[in-house]
Amino acid sequence: MLRPAKAATRTSEAEFHAAPGAVEQVRYGCALGALLSVIAIPNAVPITHCGPGCAQKQFHALSGISGYQGGEFHVPSTNIGNREVIFGGADRLDELIDATLKVMEADLFVVQTGCIPGLVGDDVENVVARWRRRGAPLVFAETTGYRGNNFTGHEIIAKAIVDQFVGPSTAPKRARRVNVWSALPYQNPFWRGDLGELKRLLEGIGLEVAILFGPASDGVAEWKRIPEAAFNLVVSPWLGLGIARHLERSYDQPFLHLPRLPIGARATRAFLAQVAAFAGIEARVVEDFAAREEREHWLYLRDFSAFYSGCTSQYRLPSQVIVAGESAYALAVAGFMVEQLGLSPGAIVLTENPPESARDGIRAAFRNLAEGVDAEVVFAQDGPTVHRLIRDHDRHGEYPIVFGSTWEAGLAREIGAPLVEIGYPATDEVVLSRSHVGWRGALTLVEHVYTTVVRASTLG
Amino acid sequence: MLRPAKAATRTSEAEFHAAPGAVEQVRYGCALGALLSVIAIPNAVPITHCGPGCAQKQFHALSGISGYQGGEFHVPSTNIGNREVIFGGADRLDELIDATLKVMEADLFVVQTGCIPGLVGDDVENVVARWRRRGAPLVFAETTGYRGNNFTGHEIIAKAIVDQFVGPSTAPKRARRVNVWSALPYQNPFWRGDLGELKRLLEGIGLEVAILFGPASDGVAEWKRIPEAAFNLVVSPWLGLGIARHLERSYDQPFLHLPRLPIGARATRAFLAQVAAFAGIEARVVEDFAAREEREHWLYLRDFSAFYSGCTSQYRLPSQVIVAGESAYALAVAGFMVEQLGLSPGAIVLTENPPESARDGIRAAFRNLAEGVDAEVVFAQDGPTVHRLIRDHDRHGEYPIVFGSTWEAGLAREIGAPLVEIGYPATDEVVLSRSHVGWRGALTLVEHVYTTVVRASTLG
Amino acid sequence: MAINLRTVEAETREQRLGTITQWDGSASQLAADSVATHGCGHARPGGRRLCETASPFSQASMCAEHIAVTNATIIRDSVVIQHSPIGCAASQSFTARYARDLAERRGWKPEDPHSVCSNLGEQDMVFGGVDRLAAAIREAFERHAPRVIFVATSCATGIIGDDVDGTARALEDELGIPVVTLHCEGFKSKHWSNGWDVIEHGILRKLVDRAPAKTDPDLLNVIHLGGPDVFTPLVAPLGLRVNLVMGGNTLERLAELSSAAATVTMCFVLSYLATGLEQEYGVPEIRAPLPYGLDATDAWLRDIARVTGREDRVEAVIAAERARIAPELATLREKLKGKKGFVAAGAAFAHGLIADLRELGVEVDGTFSFHHDPMTDSRDPRQDSLGHLIDTTGDVPNFTVSPDQHFQAHAALKRANPDFIVTRHTGAMASLAARMGIPVLPIFYSNDGLAYDGLLTIGRAILRTLPKKRFYADVAAHSSFPYSPAWLAETNPYAAPPERVRAEEPAC
Amino acid sequence: MAINLRTVEAETREQRLGTITQWDGSASQLAADSVATHGCGHARPGGRRLCETASPFSQASMCAEHIAVTNATIIRDSVVIQHSPIGCAASQSFTARYARDLAERRGWKPEDPHSVCSNLGEQDMVFGGVDRLAAAIREAFERHAPRVIFVATSCATGIIGDDVDGTARALEDELGIPVVTLHCEGFKSKHWSNGWDVIEHGILRKLVDRAPAKTDPDLLNVIHLGGPDVFTPLVAPLGLRVNLVMGGNTLERLAELSSAAATVTMCFVLSYLATGLEQEYGVPEIRAPLPYGLDATDAWLRDIARVTGREDRVEAVIAAERARIAPELATLREKLKGKKGFVAAGAAFAHGLIADLRELGVEVDGTFSFHHDPMTDSRDPRQDSLGHLIDTTGDVPNFTVSPDQHFQAHAALKRANPDFIVTRHTGAMASLAARMGIPVLPIFYSNDGLAYDGLLTIGRAILRTLPKKRFYADVAAHSSFPYSPAWLAETNPYAAPPERVRAEEPAC
């Protein structure tokens, strides 16, 4: 029987440090913001032990101002007041949990703490443990706001669920089953559609896929079956690696780390080929699947080449890709634009404050985006700093295009570039199921990018 | 053995009349423009016998200025000059066909005439017949520019291929096979993706689908198998009905006419239910398929309801749908906006100059868009007339949104409405595989419409 | 109790006004109890001590910091320092969106406003964050050359006890511009509306011209939440100019507050500033009931005319306005006949919207008020907006006070079963109603329902909203809430959490 | 042969200039043959009678009506009547797009230009369409209050013989504004560039001020195809103002043409107007070779200076310009070293682009010219742009003349195998090259390559284009052309169509 490694309610695998200096134009949430990762699991509900505005701010920002995704916000909260600050809030939490189990219905509740309990010293672990002993489907994740951001909080939550809810397992492994760890829900406005398409692609080569978050997931039931997977697949430059390592220790599950979320034919073929090799699936299976998918794909790109080559050539089609965003989508989008559309990499600023230990790996992932084409990346969180880095980067003779957030609107105008919003905050896109992953997603991205380019000229 | 009914190289089922009066802001091509319907059939190539600019103008307009679709334009043409006008062009056409069969490779060539041969009296039918007797895969379609538009030309071409290429058939009918007649290729910027999704939906209830045009079609081979279908399905208010009637006469194939291209859950369920009933497929099959498709669909709309109800309520979400466009897409889009999103119908102007005989049927299709909600439609081709009809329609207290063409840009600004381009000419959209059909297409349309709405405010 | 501008912190609403956030019953009972307890409305029979209800269940709500910071951020030429861990600054994104939208409505240049998070980490919790704060203030000054800097506290800095005021004073001296502290720790009050008091306290203390050269007899202060200027068309015929404050206005406008002829508030939730202006600078506060509905609007205009000495002109204005809107108002009443509405909004604003709906002929028997203030800072009974509502339009049988508690709103809406809902603070309420199949009219700009035109604006908006039932009903039919079946059936917002038999739970 | 403004129709290019559209060989041979046949360039050895090639295969091309109507439509305050069946008016959509883009580049208000199709049907073919035409003209006048109306003919009206000029004259009298006929039936010429002559003929006849009060010694007519004004920065230092015509300018600019000090054309394809202005109004036409490449630009500026009497200033301008661009030019040459380009454009413009590429150090051994004009209307040998190109930069071994024939371009590109292609009239050429895996630099605004800055503009554009090889190569690898294998292998654009064995064909 396999057991989870050490309890992991509190620390992320990768150690977090608040970035030095003040931050303007904030681009991520605090660790409590990972409550959106709980909401992203169908049939899971977070219970927050924090101040009155904390949970709502995180939710409203990351679900509302990130493509207006909306979502399930019925979050129980202690809304900590003066009394709890002075006398401690553990009793109030206990009362709330009791009431929650009566008023609400879910397969899993994740108790998350904010800044205040950390400062006043509530023993939340003990409160939650008592309920768990009584059989309530409750776990505790310490997501103290000043100790991490929503990225590290996401890992904390996943590990808490694994350790406290999934638990030890005797289930046999299923040879073709995989757990996928990729987009950070809500932070990335396209996570729902992308995870859905990632699942479809992996199923296309014969895998049984636990996608774990979003509409394409079976929800809590899927989490329960995590130990059954033959392996974990991390599709992100660094996020999820901590979880995969934890699962490797807990369930002796190996993992495959592919930093680049695949967009377009080359990346998707390479991605599936690597997964297939790792999973022991024949190359022919990938080839057959790719051939079926690509028939229409290339017909569309064949026809698009008329526009791209200039049949309506008054448009200044971009030649240099500038990105300000989290490393995962920056890599995916810059990779596609460079590798498949033949743009040159410009300033690429990664904004999620990834742990220091992950940065070399991230830098490496941006090398050889296309054969012989490297992108140099820089890390920055503060808006004016991000913009200075972009402004100061060479773009002589280029037509730049900016992939970024709403914060880049003024900058893009300043350098005469169209802006495509790909990350939080994103106020100019309403996103439902749109995906950029794989062959189909690449076409969607092409449509979107060049519609933006065209409008920059036609609606000017 | 079944034989085609009378030869149909020349007349459309529905008689065409050039609209009275001059036309500004032209919204369709001439009959020769149906060369795009030939190009839309994989492995078919048109051969045009017309003046030097005719074919290129039609192609550039309908493929380029209609979402920048691009496409295969290698069209052989006699580029009629002075000599042919004076001495007749039949010999030149004969020479061109001979050269074409040497230089080009296709499964089917459709010889189309423009205005000049009609006026100078070239006996094209005879030229083509000679080549057909020698076994060349050639048909002749008289698409004289002053005798019709690209809608009627489309029907002429389809019938010409049926009569002269598909021909008599002894093949047995396949109980689940259907030929689909719907969007006019290229005129509708979304025809490729929409036909693909229509095919997927129909396959979803167990049909074998000949979609006949576009990337999802098997091309000429699929046309050859037209007689094998158990029935024809016309998904359009009127276009294709002439073809279906012709096929009924030719191959004793019944047809089902469903005017509304389905967008959204209600329309798609109703559509599939009607097809299933006609095809003798059990209602349960539709129900099962719909249930599978709808699980994620409603999760997305559930989450979208946060935006729609005003979680970021500074946006003036539209309340009245105004359309200027061809009847098929006007019906599909207005139907969805009224039935599923709860807008009220405003001015709806249908612009493709449909035959008089079809107009009552079109009017009827716009009744009961949602329960008890009728839309009154008007017909007009000329831009300023279209705009006057919209301007004069009551919109007191409403927030209008306009679905139309690029010609509506100024009008939309004038009445303070966002504009969504859904028909030719469309210069503000780059379209590849995007589809609005069915459940998935509805989500795409919602994303697109509300992104447009949001941007009308954020980018103002 | 007078407003005390000598302290850096505004007293909370609970302390000053007896504000409650949880209650359920009839509006008339609530009004009577408020008067009985706090004595600031028209006495009415049956009043007893106001007893705040409680529920062991509660859901995530808003905080005062959010209101204070948002409204400081959108002041022109300002920078706000959020002295907090990064999470509090999540609001920057929606504040920027709001500022851009405001700019569009007011014809201002759309620009991102400036707010900076001092970005406190674990080390700062241990060793204190004032150095980071000082650095952030200096950096903000360098970058944006603001004319004022606000420093907002957070729960974390409140608990660790950073000397924010000391730092602010030091930097004020160093930089030569006002550095205004906003004490807005979320845990300090049960209700977010304290955020208004906090920013208004700051304005009164530091941004109002403390020694105005003279009073401008034609200048009328209008304190609103933000949005389109619906006031100028209304009072310009009286020869008044509007000094519209809050909602993103300039420092000049704030300075001018003390030299105006009078102050009106668009909502008594904002009356802290109005009362402070009267107390400190003698600018009279208009005490007439808020201008929701025809008669109230008439009276409000007359009171403004009286206070500013323009009685000679006001009757003509009233007559003209009434005549202008009469035809469409009649049409709207006809079309809205038989409809039932539900209002969810904050206190006096909710009372105003109910008056509007009733003036339009819409039935209202249920309301959800995010808080209840038994009195206003002026303590003038004329500002008893709930009492005024009941007196002029009748009781509201089901009147729920709750700070956007989703589960309680579910019960209240199930009880009311309205044809539509009008709501502000739409985060939870709008999406809840939508999911229940109820058409939603969200109010973002709270001036929409004001005065004569407000009736038309709201009436048209309802007509736009009703057909959307088709969308909401379909979504409702295809989605569910994570509440227990027992709670889903509940119609009493303050019912006790239903006991459940959990077969799977072990006995221990 | 002088330009004849007394006739309503312009003579075709074939008649006036001996224009050919089909030929293949070396550029030097073509230049020599042109001189030998038409006698208007520098005589060079080996010339023989210019013999137009032919191919039995041909593909859909452009027509003169398109050019004439487009350029009439974009003239400000005009309406164009396309007297035709509806199909000819398909171009309205791209003309509107073009007009909006022009407006953006020139800083004009973006507006849809006005063109109206008389929309002829079968009945009109039988009974004539002049009534429809007259009605269309009146309607256009009512709607748009234009200051000029153009009436463009079509193949159909040309064949049925509608009296377009009579109708135009009658309506001109009735409406009191010029009604200018444009005789541009597509079948009347083998090449679309006649459309330029047609519109220029109309301008010369009806829109130029026929009796200018005086000559403006500082005004330089610049006739261009449309697009950004790259001329003013170039000649302003000489004290010249630019009267930029064609490409959407105003009627005032057209009227002024006759009072300018001189005329330059951006491309000799446009020289009909320049020659006409010299012939009719004595406005001298600058005859120097076009300003492509450093030396040619120097010479062009000197010639302008000479004709307008500003020799004293020109050398300083030249020196300054050369110095300004030198550093970047050196960088571009370095980066482009070893690259091979291919040019596809119309006649003199193609020659200019080749000069640019060679000045940038790019190899050019193949070119696709959409037509070839053995001489210009001035008959001045200095305007022999092909001869000038060869003399100054060397021969082009493979020089194909063909009106955007896709199948021939395929062969020519296969023969050249370039690293990139520069092309105008991108409808067929750009997508062809793309599909062959060749990076495409489309030229929409033909001023891009002009003069000193043109070298930088083109150089930068090539550098932007080259990495897109990655896109084009992938598309090429995954798509095919509907040509026979034999033709796909062909590298001679004028090879005879390959004979095929068609097994499936019956013997009869």
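Think of it as A, B, C and D in the order they're written, each chain with its own count starting at 1.
The criterion applied here is as follows: a residue touches a chain if its C-beta (ideal position, glycine included) is under 8 Å from a C-beta of that chain, and two chains touch if they have at least 3 such contacts.
The structure displayed is predicted, hence computed values, not measured ones.
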### Query
In terms of residue-numbered contact pairs, which of B-C, A-D or B-D coincides with A-C for over half of them?
B-D
### Message
Of the pairs A-D and B-D, which shows more C-beta pairs in contact?
### Response
B-D
### Query
Which integer distance in Å separates the CA centroid of chain A from that of chain D?
52
#### Entry: Rounded Å distance, chain A centre to chain B centre (Cα mean)
40
## Note on the structure
Cα centre of chain B to Cα centre of chain D, whole Å, reads 35
### Inter-chain centre distance, chain C versus chain D - centres from mean C-alpha coordinates, in Å
65
### Task
Find every residue in chain C that makes contact with two or more other chains and list them.
94, 97, 100, 427, 431
#### Entry: Contacts with two or more other chains, residues of chain A listed in rising order
60, 64-65, 70, 72, 299, 301-302, 305-306, 311-312, 427, 458
#### Entry: chain A residues touching chain C - in the complex, by the definition given at the top
17-19, 21-26, 28-33, 43, 45, 48, 51-62, 64-65, 70, 72-82, 84-85, 95-96, 98-106, 114-116, 118-120, 133-136, 145-147, 149, 384, 406-407, 409-410, 424-425, 427
### Query
Within the complex, which stretch of chain C touches chain A?
55-66, 81, 85-94, 96-97, 100, 111-112, 114-122, 124-125, 132, 135-136, 139-140, 143, 154-156, 159-160, 185-190, 192, 406-407, 427-428, 431, 481-487, 497-500, 502, 504-506, 508
### Summary
Interface with chain B, chain C side, in the complex: residues 94, 97-98, 100-101, 104, 110, 423, 426-427, 430-431, 433-435, 439-445, 459-460, 463-465, 467-472, 474-475, 478-479
### Summary
Residue set of chain A touching chain B in the complex reads 60, 63-65, 68-72, 192, 196, 215-216, 295-296, 299-307, 311-312, 427-434, 440, 443-444, 446-447, 450-451, 453-455, 458-459
#### Entry: Complex interface listing, chain A residues touching chain D
265-266, 294, 298-299, 301-302, 305-306, 308-314, 319, 338-344, 370, 373, 396-399, 457-458, 460
